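Here is the structure we will look at, set down as structure tokens.
Per-chain numbering from 1; labels A, B, C and D assigned in written order.
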Amino acid sequence: MAARRSRIHRRVGLAAVIAFALAAAACGGGGESGEPQAPPASEPAAAEPTASGGEADEAPVAAEQNPPDESELLVAPVDTTTTTAAPGDGGGEPGPVYGGTLRVGAYAEGDGLNPAANAISTPVFLMAGPVFDPLAYFDADGNWIPFLAESWTKVGDGSVWRMKLREGVRFHDGTGLDADDVVATFQAQLADPLISIAFRPGFDPDEPIRKIDNHTVEFVGVRPSAHLPNAFATQIGMVLPSEWLQRAAADPALNQMPVGTGPFMVQSRIQDEVTVLVRNPDYWAADLIDVYPDRIEVYPIPDSSAAAQRLIAGELDLMVTASTGAILTLRDAADQGVTTIENVRADESVLFINTKSPVFSDIRARQALTFATDQDLYVELLGEGTAPAAESIFHPDLIWRNPEVAQETNMAERAGPLVAEHCAEHPQNCSEGRINMRLGLPGPSVESDRARDLLAATWGEFFDVDTTVKPLDELIVDVALGNYDVALSSAFGAVDPDNDVIFMECGSISFISLNFSRHCDPERDDLMYEQRAIEDLDRRVEIWHRIQAINRDAYESILLTHTNWTVGARDNVHNVCGATGPAGDPLFCNNQGRIWLHQIWLS
Amino acid sequence: MRSVGVGALMAGDPLLSVRDLHVRFATERGDVNAVNGVSFDLHEGQTLAIVGESGSGKSVTAKTLMNLLPRSARVSGEVTYGGHDVRALAAAGTKHFFGVQMTMVFQDPMTSLNPVKRVGEQIAETLRYHLGRSRSEARSEAVELLDTVGVPEPARRVRQYPHELSGGLRQRVVIAMALACRPRLLIADEPTTAVDVTVQKHLLDLLDDLRRRRGMSMILITHDLGVARGRADDVAVMYAGRVVETADADTLFADMRHPYTEALLRSIPRIEDPVHHRLDPIQGRPPESIDPPEACAFAPRCAYAQSDCLNGVPELDGLLGLHRFACLHPTGTERGAAAMSANQAAGVTAAGMPVGGDR
Amino acid sequence: MRRLGFCFWLAVGWLAMMALVATFAPLLPIADPTEVAFGGPREAPSADAWFGTDALGRDVFSRTVHGARISLAVGGFAIVFGMVVGGGLGILAGYFRGRLDQGVGFVFFVLLSFPALVLAILITATLERSLLVVSLTIGILAVAPVGLLSRASTLVFAEREFVAAARVLGATHGRIIVRELLPNVVIPMGALTLLGMAVAVVAEGSLAFLGLSVAGDNAISWGKMIVDGSGLRDLQNAAHVTMFPVAVMFATVLSLNFAGDRIRQHFDVKELAF
Amino acid sequence: MARFVLRRVALLLAVLFAVTFLGFAAMNLLGDPLVNVVGVLAELDCDAIEAGTAEDTTVDAASRDCDTVAAARAEYHLDRAVPVRYGLWLGDMATGDFGTSFQNDQPVSQVIREKLPETVILLVMAQAVALGLAVPWGVLAAYRANRAFDRGSTVASFGLLSVPNFALGVVLLYLLALRWQIFPSAYESDSVSGLLFSMVLPALTLGLPLAASYQRLLRTDLITTLQEDYVHMARAKGLPPMRIMFRHALRPSLFSVVTVFGVSTGTLIGGSLVVEQIFGIPGIGREIVTAVIRDDFPVVLAIVMVVAVTFVVLNFLVDLLYSWLDPRVRAR
């Protein structure tokens, strides 16, 4: 049938949208959840756009040689320092308890739960995650491990990766998992403009996937990559039965009740009210993975503060949020049996500056905007102690962080002369000595209004700001099309920074750009592709240090805060971060709010 | 509280006794003295007619007896029913007194029936509340009552709404409703004024008949002395909030003393009058009752008025229970005749009303 | 003629004060309402910030004062629009009767067939939300109620002798309407101005609360201030951010209603069918 | 009676016709309907793309976008003349085809089906609150007219009528949910009882001002009714005051309340937009606000239509309710 504007927007903005969006997004820029109107953001980080090969090797690629020390982490595991109380599995805890119903609060609802048709953003992941097993996932250190796959192996330089499936895996409908299902799911995802946007360009357009035998397939990329399986740690790695996919194509209503291989099955789902999952009695990995709850209920509650109140009142067991007010509410409830697991090492709130716009193609204007930005005030008044100031795209705790790079904000005194110079040369861009600019913000929400007012006030001396507030997905389309001079979004923060390349590479710049700043630096591209192809962690770290300096000097974006992803739980909720893979490896916890629910138990 | 009643009544004691009743209303322009020291007795089985023009205080008196005045009314005086202080009973919220011992029928049957309830319900309601009848008992009793008051097809009527009935029928329904609990005292406030002339007499006869058969007492309030004649045992004529003349009916009609009574009598059409007989309406209008002058209130309209009428309010003279009147120059007496002829000679009364000589 | 009473003048005094401060807000010796970090975030009321500060440390008092500008401007414009358009149509319908009357009456009836806020949403959904559009939208809501009133008054006066006399003297329709009817119809309409304005102010507040009122960086309105402070945590920790604008808005609407109701009684006009 | 009903039905149809036309006009005449339906795609030069002369600017094949545009033109009959389009659209609406939501590709009719129950529960509870409070309140005020209670309640109702819904909602939320923690602060759907309990505050927010306006009307009418002879008659019958109030005086005094019942439901629907927002209730009020913000025109239009048509029909039914309240009307 017909025309859906959003579909259009998505399609037009396509690329951008998703990739970005997805990742970035979940939190809509500074404010993030708590915006009732914003739709579930798409998510993705994972979708690794331009997977390419490096030298062939056996997988998994582990970073064993560089075990992260306490202050320098490879990735962003649970930040125990900000955990108000240790949940879960500490010593002296009673043993795990089977059964019971886990009630979870999600800050948004999704269109559906079909990973081949709907964006599986963080809140949707809470509903769909337990229904599926991914082909790969991250261990606690952030290295990928095979999950539904038995192995991932590089073929040649890494342009091709061979994946061998586990045998004996059954879907909820009783059919067995085989290579045909993987091929069908991957092709369905490629065919969906929304889902494929950020990863399709990385795969061979003619034959992106080929079946080798009943349990083996090969993925064919366009560039050597040492890290391709990262892409399959997200919704791209969720596999659906091929026969079901055909039915779902004919009947979109099935998107609400997908069939997977995971420990839980969808029992019922009422949009905007509740999604009920029940335990899969025939889980293929029952001997490998302890599944505790009998039933999971996920409630979409757009107002995170309200969800926090309900958690405190004991009406929810667990919730995920990135909203400042909700995080503070949860923290304050520590003495009422509420614990928080906070992660500030993932994505950032970023003001992207369109370097191709008439105003900001002049680096002096970009510098002036950066200097004039009162980041301290933003962090104090909008972060309120939950989200720390960002100096680069990496949190200081991470090994990738270049400690020498500092962002040049809060230097308003340096902005004046630059603005004057710009206006002297480009009077058409200015009025009354101020540069005219268009700002795009995600919203509407209380937070977006505050961000708007704060930015407009701090820039007001030098810039005349005309703000547009739009729902996040529409905003991202506009941003991808270059309709604003500056736009607030949330970005970066992939578990492996290789997945963030798409936001910076020249190849992402076109009519529709995933590179929102539209700044092309061939040197940076070379560096990014170099690190992609190699496994040498020292060299990769070196490269990323260099990229942070390049980014700063380009004044292509202003980083505001490191987003705080918080899981709040009641004290009878255990093992929130104790999930393990089929081989017994602890899984990465709180990946931009995504946690595994099926190994949580209630006392 | 059903003990409140007439069981305790001693022979010779009145059923209802009113002493020095005053009713005042506070209005924005000042106090209105609607009733000014009214006293009367009513004996068991008797009918008292209270007669007067509108505004004379007769309806207010009746409403006072029934405790129906708005809260703004200030009442003093004594009203006893079978020895009980009626106002105290009312203030105490005594159940089953009004409606069972004494009740009232209003002037306009159009408005005194609830338009949104079936007539049967309205009758049955009283029976159920006061006498504890079941729904079906009350209903069949309501049918009987309607039959008693002469409503044709009573079984059908009980299911009808008031607007479906004619005025005469409605008043019969009101009467049936009032009589449902066999009250000892019925106050009928202008019961026929609002109905068609042709049925007035039927209604009055009905009331009289029922009173007789049930041994009820009745206060019949009317502006029409003719209505009182033949139906009332005693008559009290009210003017400007006072009783100006009272006597048993025979005495009063035979030997009236107050010029107002006389004027009232003349103003009624009589069946034996010729068709084009000219009635004598009472000249002038009833007095304003705010800050009345210390004078005979009727003086400005009275053909007998002399200067002494303007100095002080005449007392109601005479023995209680006998013929009493409040007039300095009563009609049918020498003083009256003298006053009249003096005024006729002057062509004007002491209060300034012109008097024609051709009377 | 009843006396209007002390409370009436109290209400009028409040309204006059609001109108004055709204008009001269930029000239008043108060903080810049957009100045972020005027104080710390969510500070309680003090001598420096009478109503305390909001989440961005802005002076709530100054913002409340400036917030009156949009509320009153929209309210005032809307009711004037309603009177000009609705009043005009009502007079024409009441004077000419016939087809015109039926047509206009039907239009009014249809307008009243939408719940007010829903009609406003339908309009704001399709147009940019500028000050003019929002004012017009709310003004359109006022057309039918005001129009019905002016039609009713016109019907009464059109029967009077002075109109008949004017007609006999050969006055044109236009002249009769302007010279004879208008002055008479304006009185009852005028008596309802304040009541209508109260409705308009609330309507604007509701739209602002929903984020559908005047957009723009400098748009401070009471509805927006109230929604800004109404998150659960904000309410719990800094209720003053919300409660002061609520109180001022309440006092203003109450004054409009009260004074309006008194004036309505004074001129003995029936209530409006908003 | 039959004539009366017939005339009312004729008016009803005419108004429904006009109301739907207004909604249709808003979508088709204010701005380009194609833009309303497909947004930026409307700018695609599909003829040129088909002819191969335009640059393919979308990541996806622009021809697919052109298919979308063509489908939209067909679905909303955009190639037809305006009056024909209106007729076809009306036919679609009448058969329950409200188009498809931009937000999640669901049929709008399904969106409405899912959201309507919460709103209806809210409205019913609000009316229940309003009537439940207004009747005893109005009766007490009228019973003791002009006494202290009455004077106090006049002030109180005047005040309540001057509080905007959203302000009252925030104040009640603050006092009853946060300060004293009597009611939950947000919508709950875990159980029916929880749902109803969480709807109490929203219902109070909507119902209190309405109770005040009902109370004022009822009080005035009751005071008038209490002067009626049949009330005196009832007193003369010795019935106790409260029985008279409720059995005799109340029903004939409800006319004004019933008259505004229909209109007030419109006010409530408007208020529910705000209240659903404050308390996070997933009803059509919140849906329409979200839809407006997201320019989801089919949803906006459909909800406006459903609400307006319901409102018109409701007022029509209220007219008929008179005849129950006053048997005299039946005779006419």
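Simple rule for what comes next: contacts are C-beta pairs under 8 Å (C-beta built on N, C-alpha and C of every residue); 3 or more make two chains touch, one makes a residue touch a chain.
Everything numeric here is computed off the predicted structure, so don't read it as measured data.
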Query raised in the report: Whose Cα centre is nearest the centre of all Cα atoms in view?
Result: D
Query raised in the report: Quick one: which chain's Cα centre is the longest way from chain B's?
Result: A
Query raised in the report: Count the touching C-beta pairs: is B-D or A-D ahead?
Result: A-D
Query raised in the report: Where the centres are mean C-alpha positions, what is the separation of chain B from chain C, in Å?
Result: 57
Query raised in the report: Between chain A and chain D, what is the gap in Å from one C-alpha centre to the other?
Result: 40
Query raised in the report: Measuring from the mean C-alpha position of chain A to the mean C-alpha position of chain B, what distance in angstrom results?
Result: 92
Query raised in the report: Residue numbers in chain D touching 2 or more other chains?
Result: 185, 277, 289, 293, 295, 297
Report task. Indicate the residues of chain A shared as contacts by at least two other chains. Result -> 37, 303, 306, 309, 444
Query - chain B, residues touching no fewer than two other chains - result: none
Query - Chains that touch, pairwise - result: A-C, A-D, B-D, C-D
**Report entry** Interfacial residue positions of chain D with respect to chain C in the complex
**Finding:** 11, 14-15, 18-19, 22-23, 26-27, 30-31, 36, 158-159, 161-167, 170-171, 173-174, 178, 185, 263, 265-267, 269-271, 273-274, 277-278, 288-289, 291-293, 295, 297, 300-301, 304, 307-308, 311-312, 315
**Report entry** Partner chain C, residues of chain A touching it in the complex
**Finding:** 34, 37, 303, 305-306, 308-309, 325-326, 328-329, 374, 377, 380-381, 384, 444, 446, 449-450, 452-454, 456-458, 460, 465-467, 469
Report summary line: Within the complex, chain B is touched by chain D residues 228-230, 232-240, 243, 247-248, 251-252, 325-328, 331
Query raised in the report: If you look only at chain C, which of its residues touch chain A in the complex?
Result: 34-37, 41, 55-58, 211, 215-217, 224, 227-228, 231-234
Query raised in the report: If you look only at chain A, which of its residues touch chain D in the complex?
Result: 1-9, 11-12, 14-15, 36-37, 39, 103, 111-112, 193, 197, 252, 270-274, 299, 301-303, 306-307, 309-310, 313, 315, 444, 471, 474, 477, 511-512
